[in-house]
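Pasting a structure below so you can have a look.
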Amino acid sequence: MLKKIPKILSPDLVHALMKMGHGDEIVLADANFPGHSLHSNVIRCDGIGIPPLLDAILELLPLDPYAEHQAALMSVVPGDPVVPTVWDTYRGIVASHDASATLAFEERFAFYGRAKSAYAVVMTGEEALYGNIILKKGVV
Amino acid sequence: MLKKIPKILSPDLVHALMKMGHGDEIVLADANFPGHSLHSNVIRCDGIGIPPLLDAILELLPLDPYAEHQAALMSVVPGDPVVPTVWDTYRGIVASHDASATLAFEERFAFYGRAKSAYAVVMTGEEALYGNIILKKGVV
Amino acid sequence: MLKKIPKILSPDLVHALMKMGHGDEIVLADANFPGHSLHSNVIRCDGIGIPPLLDAILELLPLDPYAEHQAALMSVVPGDPVVPTVWDTYRGIVASHDASATLAFEERFAFYGRAKSAYAVVMTGEEALYGNIILKKGVV
Amino acid sequence: MLKKIPKILSPDLVHALMKMGHGDEIVLADANFPGHSLHSNVIRCDGIGIPPLLDAILELLPLDPYAEHQAALMSVVPGDPVVPTVWDTYRGIVASHDASATLAFEERFAFYGRAKSAYAVVMTGEEALYGNIILKKGVV
Amino acid sequence: MLKKIPKILSPDLVHALMKMGHGDEIVLADANFPGHSLHSNVIRCDGIGIPPLLDAILELLPLDPYAEHQAALMSVVPGDPVVPTVWDTYRGIVASHDASATLAFEERFAFYGRAKSAYAVVMTGEEALYGNIILKKGVV
Amino acid sequence: MLKKIPKILSPDLVHALMKMGHGDEIVLADANFPGHSLHSNVIRCDGIGIPPLLDAILELLPLDPYAEHQAALMSVVPGDPVVPTVWDTYRGIVASHDASATLAFEERFAFYGRAKSAYAVVMTGEEALYGNIILKKGVV
Amino acid sequence: MLKKIPKILSPDLVHALMKMGHGDEIVLADANFPGHSLHSNVIRCDGIGIPPLLDAILELLPLDPYAEHQAALMSVVPGDPVVPTVWDTYRGIVASHDASATLAFEERFAFYGRAKSAYAVVMTGEEALYGNIILKKGVV
Amino acid sequence: MLKKIPKILSPDLVHALMKMGHGDEIVLADANFPGHSLHSNVIRCDGIGIPPLLDAILELLPLDPYAEHQAALMSVVPGDPVVPTVWDTYRGIVASHDASATLAFEERFAFYGRAKSAYAVVMTGEEALYGNIILKKGVV
Amino acid sequence: MLKKIPKILSPDLVHALMKMGHGDEIVLADANFPGHSLHSNVIRCDGIGIPPLLDAILELLPLDPYAEHQAALMSVVPGDPVVPTVWDTYRGIVASHDASATLAFEERFAFYGRAKSAYAVVMTGEEALYGNIILKKGVV
Amino acid sequence: MLKKIPKILSPDLVHALMKMGHGDEIVLADANFPGHSLHSNVIRCDGIGIPPLLDAILELLPLDPYAEHQAALMSVVPGDPVVPTVWDTYRGIVASHDASATLAFEERFAFYGRAKSAYAVVMTGEEALYGNIILKKGVV
């Protein structure tokens, strides 16, 4: 633990966030996400929900103002009646760090494709449905 | 995540618990413990307090009935007025899994020495003072 | 060995099952399966038949209710008079853990192709003909 | 699997048996043995009892006729009322392969010391008390 | 060295033979074969001719009865007057282990292609021209 | 680069600072220090003087209030007329982050010994004589 | 540090410059460049601006007189009003080492493509916009 | 150093020459050749010219009598007035070991392509222009 | 294979012989020698007797004229009636390469100790009793 | 190759020289020196004599003015009539770079001991008797 760095963030996660550059993306994945089969650079955060992790990451990570959207969610599969309430929580946290940030939606398999080319995947303990979120790093 | 295995436990932590044998010890270390300089086999659980972790581990890990004590705490340094309240929490959790288990006390440097020869050290987010605990594995 | 985890499962196998996510597949392969040439992530369970292993795995592993079929067998090669009786055993074990699960059939080379993209291959001591089975992980 | 080699033996176990030389020892350890903390070269045989494994190994492994004893058991701790019946099974299996072989007894910690300097430790699924056995390789 | 396993076989070679499955192939290559540039899994048997090695391998390795041919030789390049007499030796050894086995012929570059997708290449000390042979593993 | 983390700090340096625990030490070494022969965990910061690095590190790193001294300098070798002016700079920087911190002095070879058991050595571009400094981590 | 070699250059950077051959390129990247996602061979020079690094590198590195241009900058994205003043600094430094050298301009994604096939990427602390520069090695 | 093996040859170079088979090629590259960006298997012979190295290698390495040409040079780029005199030296050395050997010429980029698929690249200290040479191994 | 280098020697064995210096020793061990438990640098020559290997090695390896003895055998254990006839073969081979060389005798455990500090151990297929021999390298 | 760095020096050798600090030593060893058995960090310079290498190294490496002697030779073994003439060459080269440098003499086994604790050993092609030399790095 260090001063100024949220205690919830592991050394490996901060290390990855620091090595990312402008335009690189990181996936905060829910507990059922197939992260290890999609990516070789996986950081485990078992037992921790995405809201506190997202909040802690955004204390350090600037979002990309040059991109059309600064983050992305997985859109609900057509026909699925689920209404993900966690999105509002995510939107509130993102807005509290970057008021102008907007979130894109990616269809399930497009989301997987983007996860494959991300810089890293963070496996969390988040259990909310459609709870994955991709963040795009900006400049400092 | 799997059925029957507490969700808070990471794959690496369960892997270590399974490879431990009778008499092997594991250290649940507080967030300021110098785990990486004492041991080469460190499992990170940043952001998670020891109580829920201890409870989840003891759902799986049997304690050693052949040992005099099944767990160990770091005793308060002479002169230090701190009265660690977290110990009662630990005692309650341990008792709920193994009613006959007792806890030993180790002086600070003896505790470090025991940590060095443990099977692994788990770095948690626990912030309570004197919050470290060593568990000794029994038989199944 | 740990409480609640079937003793037949090795630490490496539980580790793999835990790291798998929704939709990932694992192959339980018979003793003659060319697992090492098809996959780089092979877990050896020499000397153990698939029925007890399948039963133990399904105590922990949820099957995927969103998929059309939760498991897959290799269909008998046209012209081959073999009638695999082990399938009934498999069906019984699967049903005892997940009553609504159904099994698909894959032609031999399609089965190999699916094995290549699985998360891992488990080499067992199963000697029954057409004894391989693929399991698709669900959510917890 | 190959002809002449018992199917229960894994490739890694046969590999180790072949690399051992005259006088080298291998430990067949019960399921609670702390193999990973005693040794860096551990071969897992979860789910398999020692009797069939011992029988299969002795089909390949010659015992050392130059040593006073060809194998060693862990002696019962003084005061422990246990009478290990598995020893008779072991004696029968050893005798069926090498009629002149005799078994030594090692006190618990002497046994651990010998395990540390063995060539390898095989972690089995054997659950019998005092079920560990050390084998000393002879010449071919 | 172990009982039942031909002494000429190295631990690494037996290890590879054991890990091969039904349909996997292994190349016994003559001393001038470019094994290291064709394959990353090369087992050296310098100084040993193929006949004794082939004989020893076939004591353990079953050939594939389901394939059209159980082994393959490199056919003589058109125009080359060489008449490889070693082939008769190979045929005799193969027949002594598997009377129904037949040998295919592969044109030089087709042979190289098959070597690339084999499970392993064994570099021998064989000096006979056109002395390479591919073996296809069967079931036990 | 991230918000809140001084830009001069590399990902590897922050990673090391985060993994250090209470009582662990880190050496900021001048450009001529034999860091690679004293330690296996060396972080290079070529071209950067210690003052800005010290200031940046202390923005994140808490010093140990339980130790007698929070930092240590290498004392001037007896007979050497050098009067290290850089020490005043160091004292000022340390004081600006932790007003109660004091600096110990270690004789040259005692300093080397302490460097050997530190968590890591940072090789800087500092060219001032007697410019090395050891920092002892506190708690957050 | 050694005589004749600028002190700002790390051992790893000099090592890379020495291993480069005629026509190989190296990227000096600004602090926000996504170097780690574009390249596996990244050398960190956190906290150091490109001008002193460029000057130090060109003391050792000859530029390629056979190429049309000896270096390349990333051209301003159409519509972006930025006028990178750091380019004049770069031009002056390059000219002071190689009077006949000229700089090409690459569109942003063409620049990324060239970075991917470069010999290495140097992550610097340069904060100027459009501050990346590629150098092409000549002959000695 | 060993008897019969020219002293100028390093252990790694002899090791590579021994592992090469019939038809494999090795590149002796001049001091400016981009060997490390073309190939992952590079053997350094800094400070040594190609003539003595070529002579030493040909004491051990047989050239391929079945190929149309046994070696290859990089042809002069059209328009370049250079007349490489080192070629006569090379021809003389090759002829002294294999009177019937002939040298092919490859256009610059065809030469690079062949270097990429060679078994290894030897980086020498040769400074002559157009001084690279490829050798094709024969049989012993 | 290369010209001048005996075909029986593997690339790894020649590599080791070349890296040895004045006074370094190599053990040619019989097929039952516990080479892997005594040494981490083991070169396998399964299936090959020591006489042809010794002869081939001495074509390349100079023996140490400065040592009292150039080679060493393991002396017969007191009471053992064996009269190792292979020693005469060894003496003849050694004498054919170095007429003035003499052989020392080491008691069994002293021989093991010397093997531990040798440069490498060569595991051969030699089956003669007391067939091990240590060679001490001289200068070229 | 780079400007200012002598062409005879390999990238690995310059890398090692740069990582050495004040007081670290490097051994330039003759061609028969047992470098690989004394040290794990060996840099090969086969085929190159020590004089040109020493001269090139001293263009970059400052010697230690604080030490009693800046370099060390291996003294002639008592009784050996050899008079190493290469020492005069070494003295001349050292003096041309550092007029005040002096050379110590170490008895053979003391020299070996010092080599073991050096930063690296450079294996050269030097064939002169008593041709080894140790250099102690100073400050820049």
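A, B, C, D, E, F, G, H, I and J are the chain letters, set down in written order, and residue numbers restart from 1 in every chain.
To be clear about the criterion, contacts are C-beta pairs under 8 Å (C-beta built on N, C-alpha and C of every residue); 3 or more make two chains touch, one makes a residue touch a chain.
In UniProt terms, the chains line up like this: A, B, C, D, E, F, G, H, I, J = L-fucose mutarotase.
Computed from a predicted model, the values in this text were never measured in an experiment.
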{"item": "Shortest walk length in steps over touching chains, chain B (L-fucose mutarotase) through to chain J (L-fucose mutarotase)", "value": "2"}
{"item": "Co-neighbours of chain I (L-fucose mutarotase) and chain H (L-fucose mutarotase) - touch as defined", "value": "E, J"}
{"item": "Between chain D (L-fucose mutarotase) and its twin chain I (L-fucose mutarotase), rotation from the CA superposition, multiple of 5 degrees", "value": "70"}
{"item": "Duplicate of the A-F contact set - from D-I, A-B or H-I, the pair where over half of the pairs recur", "value": "H-I"}
{"item": "Chain F (L-fucose mutarotase) and chain H (L-fucose mutarotase): spacing of chain centres that average the CA atoms, whole Å", "value": "51"}
{"item": "Distance between chain centroids, defined by C-alpha means - chain A (L-fucose mutarotase), chain J (L-fucose mutarotase) (Å)", "value": "55"}
{"item": "Cα-centroid distance, chain A (L-fucose mutarotase) relative to chain I (L-fucose mutarotase), in whole angstrom", "value": "62"}
{"item": "Between chain E (L-fucose mutarotase) and chain H (L-fucose mutarotase), centroid-to-centroid distance (C-alpha), Å", "value": "32"}
{"item": "Multi-partner residues of chain C (L-fucose mutarotase) (at least 2 other chains)", "value": "1, 7, 10-12, 19, 31-32, 140"}
{"item": "Interchain pairs in contact, sorted by label", "value": "A-B, A-C, A-F, A-G, B-C, B-D, B-F, C-D, C-E, D-E, D-I, E-H, E-I, F-G, F-J, G-H, G-J, H-I, H-J, I-J"}
{"item": "Touching residues (chain side chain E (L-fucose mutarotase), partner chain C (L-fucose mutarotase)) in the complex", "value": "19-24, 119, 139-140"}
{"item": "Residue ranges of chain I (L-fucose mutarotase) in contact with chain H (L-fucose mutarotase) within the complex", "value": "1-5, 7, 10-12, 14-15, 17-19, 59-62, 140"}
{"item": "Chain C (L-fucose mutarotase) partner contacts - residues on chain A (L-fucose mutarotase) that touch it in the complex", "value": "31-37"}
{"item": "Interfacial residue positions of chain G (L-fucose mutarotase) with respect to chain F (L-fucose mutarotase) in the complex", "value": "1, 7-13, 31-32, 44-48, 52-53, 125, 127"}
